[in-house]
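Chains: A, B, C, D and E, in written order; residue numbering restarts at 1 for each.
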């Protein structure tokens, strides 16, 4: 078993681009779900419109990279408005379903044959990252260090994406921190508990929910950018409901309604996933595990993801940072 | 007289063609254009065909032989223009579509075929009357799609009923419900293909086993969670974990391939008026409807049914009324899982099996339940039928790959107007 | 509660448990030193004692948040008891499930959330008679006579009822079975004065018919007027106990728990 | 606090206004803060509210009483925009309010509480209170980002909130989640939170149901104080002692309509009101002897029944 | 909901913009396979793996490449609905593969080509037929032994016309392969006088195809061209159900769905008379037997010759370049495929090379002569026909050889 590689990929995954992009999207979910109680199951759509906004602007319309970013941001904000207007009047469980539906509509349109010329069908779009990499201050090469025998290196372009990503995470966390301890955040949290009560106190519930949806959506869309830039491509199926489910896993893992919850959740999620993947597939390859083959090993780690999520919620429902008291209050 | 001659030569020609058949096999030493003119199954002899190059340079002019065949060899590959002289066709015959010019390409070392479809002159109606025909095919297609919609809608309704039962009683939005559907299909597949049971007993066994597993799930898992006082949102997220867990377990054991049951695959359809349906679909729809109605009535009329709704409203109060809350929930889980499994079997019967089959329709199930109004059994039926119909019938206007978009959009629109769903009731305020 | 309002040492104050132990000897239902709570580490009941004898009507009063409802819930198996015992006719029913208590003849009307909102009034009452479905018709007639409003509206969903109407449904639901011990948590709250009268009279009548009743009330004065014995609960402990009259006239009790408004 | 004289002034003023007012439904008031016309709300075949005309006097404490299901809560729902009336119009401070969404109603100075309480469970009691305050600078997203904008105001709000909590005996629960309060405590929080809004008109839906009588008494003092501060109070209550004690004027609803109006002293003896609502114990709390009589009646009935049973 | 592995992006992903690093051979030729073990092409995995394995066996028996045995890592390519392929490539790159053989599906190849070529590794597909690859930016590192679909489309279109289908339906899966091939068939049919009355580009992930088939039914075509992968079984079920069996309408199938395994469960005669095409010259029985020695369970042989040839070509190019670096191999690939002394297996060819001769490898799948785009210039398409038992014989009805260019 190649422990060096396993450890190296595992450690790298703690700060890698997946962690970054999922953390950003999860911060958005945390604003929606953790603080406002909006069961937004369409977060993947925010990532998708951002990624596609960038991709289509650059590849189809031939405009520069930064225009693509603006288009993506605007698209996310518009999506929030479009999704919000019909859904924000709904009860939490209805909202969940409608947001999934909305997100799926978007994914289906992106992957449809009818709009293949724009969105590229199920293959998606690629080749729009040049503008971003041109801004890369790191000269080509690998950067990193050896931790004992374990090499921890990132290519220059990866490092650039990660740098930008972590700065974005820091900024987003700061915003969430500031805003959630303010009266604005208090209104959101109150809405989570009982909308009518908040209305009776003279707050415009719809407007606050919308603000929350836009804020979380725009932050989530940053995750979509990072995806597009890190992979140099966008495919519709990456932005399916399963992605949103993983985001929820991360938020809960870290602890809902905690500033750093989603970030830590995302780090943990990927570390565990990569570690499991490395260990399992190595074990199969090395013949340590014989009852499954290499493909099944890939599936097995998702079995563990599911199991992990279950056990976590059963034994530490408040997540890593959460407050046990809060969970014990029966929300009904 | 002439007819008879033609018929005879055609027969002979056919014979020759058949015998000569093998000559075609293998890389034919052929570089040019060829074709055969037939009218109502009979070869058309003596029709004139002119071949020119793309720019109009004449290449060759030929007439069809007794077999209706013609053949032009060319020296240089490229694009050609082929013109059929309509005047040389028999009097009552014309080219379908009217255009007598073809522009095929000849590739090096290969012959390209050229086709002229011929029809009786009077039959122009077929062409002209296109709009009329279009109308009737439109309605035929609409009818077929309506049937497909009902077929799908009933399957969704069945799955939705299971979901709605469990949601209605425990307040759990079960994202693992799709996997319960898959489970039923896979268990049945196991009995059917693995153990070689005929599909019908296999389905019975599968559904029963799935029901038992549903019971177990509640007894050893969800019930324990309830006991710990786990909240509904937490449970919902847990169900996501369960869904992922089960789905990948299926992947490991069932593999990612699409499979079908040993019986009733590719069952030929029978024509019923404008629609054609496989008998298996009709039987399945009958079973689905029966189950839906029976369970729906049981829920509103029987004591256990009412108790289930009471538990849904307020478990503590239900217990205070002397209802064995855990018992009721366990019954609901058993029934819900069994019904979901049955839906899985039906789905597998009509669409084949895959480890994601349940997950793939989960959203539609949710849409059905939501559209009808969360927690009402008949709402789930109505909502699902609407979803099913919309999905299929909308393809009259939208590309099929976007068919779910229509249904989901309807969901959103209905909820805009009726936030509580079609059959749902508004909550009282204050 | 500030320190000044700590349970006062007076002749009724239950500092030692001798009175309780003595009285509880032949009780139908007795609780001994109950400790219970919702959140881990926070006890709401801090050793509450209570007993009821056969055919008694007991009132429990006390400030908001004293733990009165918690006490009832604990007896009825809806809140986990952390220590202490509950005995019903000598049988230990500590932490027994609610539905099995119902089959042992205990009835309970919760303070809040006491109807099934999505069921109709009739179905609510049917649920009340869940364990004796055969008796539904007969009991329904009886209850409908008490609250005629319910009979008219039998097909209306309880969720759309007014606060008071719900309270009627809740009360009626408990009367559907003929329990031998009835726990009532603020049955008169939210009812019109006319119906409040009805509730108190009913409670007494039921009691006269041999049912043991434990009643939590904020309508404290009326409660003490009709009950045989009363408990004052404060901070999860018994602060006072005595006959209804005794308590109603105890100046300390009046000052701290009853107020003088009604007399004014 | 206010000087004794002012206090008496307001009370006196209110009494004076109502002294010679006709005791009929819909009677006009000299200075109405709220005027309601023809409000109708039907649920299916049931007409829950059908109020022709009602005026609420500014600066007074008005009680709204009526049997269960009379439509009081529904009426509140219509006025505060939580439910849409089938027809009707009403003005608050001369401004038409029909069709105005609830949060705007509240901002205009008309705040209600809920009969079935709505505690914000996973917010602490103090946060519940703070939420009530109006025109908070920090409730704007951009300003929220810069604490300097709002911390000063927050301190003021907290001070006010603490003050109210002390009065409502909730100060010990300040840092607890509202979801962990008992039924009565929730009622108290509900009312205290509404007062944080500092409304012109506060509409309390059975504020004292389930509240300990001793505490009720002290809270009534507070409500009277509110009147002295110029606030108008409209409240629904079934506790006649309370109605008698603090209300200046009583409106009686039954089956959706206003059947009577008048000062508390006289309204309690109004025949219709006694019939529809009060029943036997109309003008005074039940005395022991009355109770005894009732009991005997009941007993007799019971015995008769038992006899019947045995004879069968 | 999303594909199985949407969140599975494992760590290293290639920057499409980075230029190919300089060659650094390590002396051992390392091959990676990226072929379908799972997904909608999984049934074509075994013949492809067998082709590679067979070639590898012969190569190593003949002494390996550059004096060392060739090493090989097998990975799964999944299908486009998962991104298993991208992980597999990461893994192969980490294992220092010099050339990657795969993927089968054009769409999958497209999704990883940047990653592979960006790492300076040869990307060699035995089965990609989408014409996109002719023009794709590949830094000169992409090759294939399968002919672009211009040829198959032409042959299939001509077949449809020759069978007298004046009205034709095309039901094509929506990806670069399906739409490309569909377009080519459509063009051929239309030019030759047929009418494509309905064209349905479907989502291969769709749960059911009833609406798509209803569209086809409404147009009532004589011939129905089915272009897709494994989901064709579902499509056929639906065709039969909606009353358009092969006995009434002529069905045509293609390399992506011609299978002896996938339709076995269907009632006898369901596919009777159905014709289909796939690339590859008539392979000798001997070759087939050798394949069966490698894997005795083979039911289909599609793309086994192409895989075999691909492996041999890579090995020969490495020998010719005297380097196992991807870039060096790529530089020699065209050279060993044409213009020189003809040879037909590794041993023969490598001996010629060692003797300093210029070679022209002629493979089992055809003469394999690479043009500038890295495509074979000439190829053969076989036309097969199903019998009543829903399988087709190994011998084609007819083989047509043609130049890709025309």
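Going forward, contacts are C-beta pairs under 8 Å (C-beta built on N, C-alpha and C of every residue); 3 or more make two chains touch, one makes a residue touch a chain.
Everything quoted here is computed from the prediction, not taken from an experiment.
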Item to check | Those chains which touch subunit C and also touch subunit A | outcome: B, D
Checklist entry - Where centres are the averaged C-alpha coordinates, which chain has the largest centre distance to subunit D? => result E
Checklist outcome for this item: centroid check, CA-based, most central chain -> A
Next on the checklist: Just the number, please: Cα centre separation of subunit C and subunit E in whole Å.
Outcome noted: 79
Checklist entry - For subunit A and subunit D, what's the span in angstrom between their mean Cα positions? => result 47
Item to check | Geometric centre distance via CA averages, subunit D-subunit B, whole Å | outcome: 60
Next on the checklist: With centres defined as the mean C-alpha position, give me the subunit C-subunit D separation in Å.
Outcome noted: 26
Next on the checklist: Give the residues of subunit C touching no fewer than two other chains, as numbers and ranges.
Outcome noted: 38-39, 160-161
Next on the checklist: Can you pull out the residues of subunit D that are in contact with at least two other chains?
Outcome noted: 73-74, 82, 114-116, 180
Checklist outcome for this item: By the touch definition above, subunit A meets two or more other chains at residues 104, 111-113, 196, 241-242, 302, 325, 328, 330-331
Checklist outcome for this item: subunit D partner, complex, touching residues on subunit C are 1, 38-39, 61-67, 69-70, 111-112, 149, 160-165, 167-168, 186, 189-198, 201, 204-205, 208-209, 218-222, 225-226, 255-262, 264
Item to check | Residue numbers on subunit B that touch subunit C, as the complex places them | outcome: 303, 306-307, 309-310, 312-314, 316-325, 375, 425, 427-428
Item to check | Residue numbers on subunit A that touch subunit E, as the complex places them | outcome: 5, 9, 12-13, 16-18, 22, 44, 104, 107, 111-113, 116, 121-123, 126-127, 129-130, 133, 140, 155, 157-158, 230-233, 235, 237-243, 246, 274, 277, 294-295, 298, 302
Item to check | Complex contact set, residues of subunit E against subunit B | outcome: 1, 4, 38-40, 42, 78, 154, 158, 161-162, 164-167, 174, 188, 191-195, 200-203, 206-212, 214-215, 217-220, 230-231, 233-234, 236-237, 240-243, 245, 265-267, 270, 396-403, 406
Checklist entry - Which positions of subunit D touch subunit C when the two form their complex? => result 43, 66-74, 115-116, 169, 172-173, 180-185, 187-188, 206, 209-217, 220, 238, 240-242, 245, 277-282, 285-286, 288, 291, 294-295, 298-299, 301-302
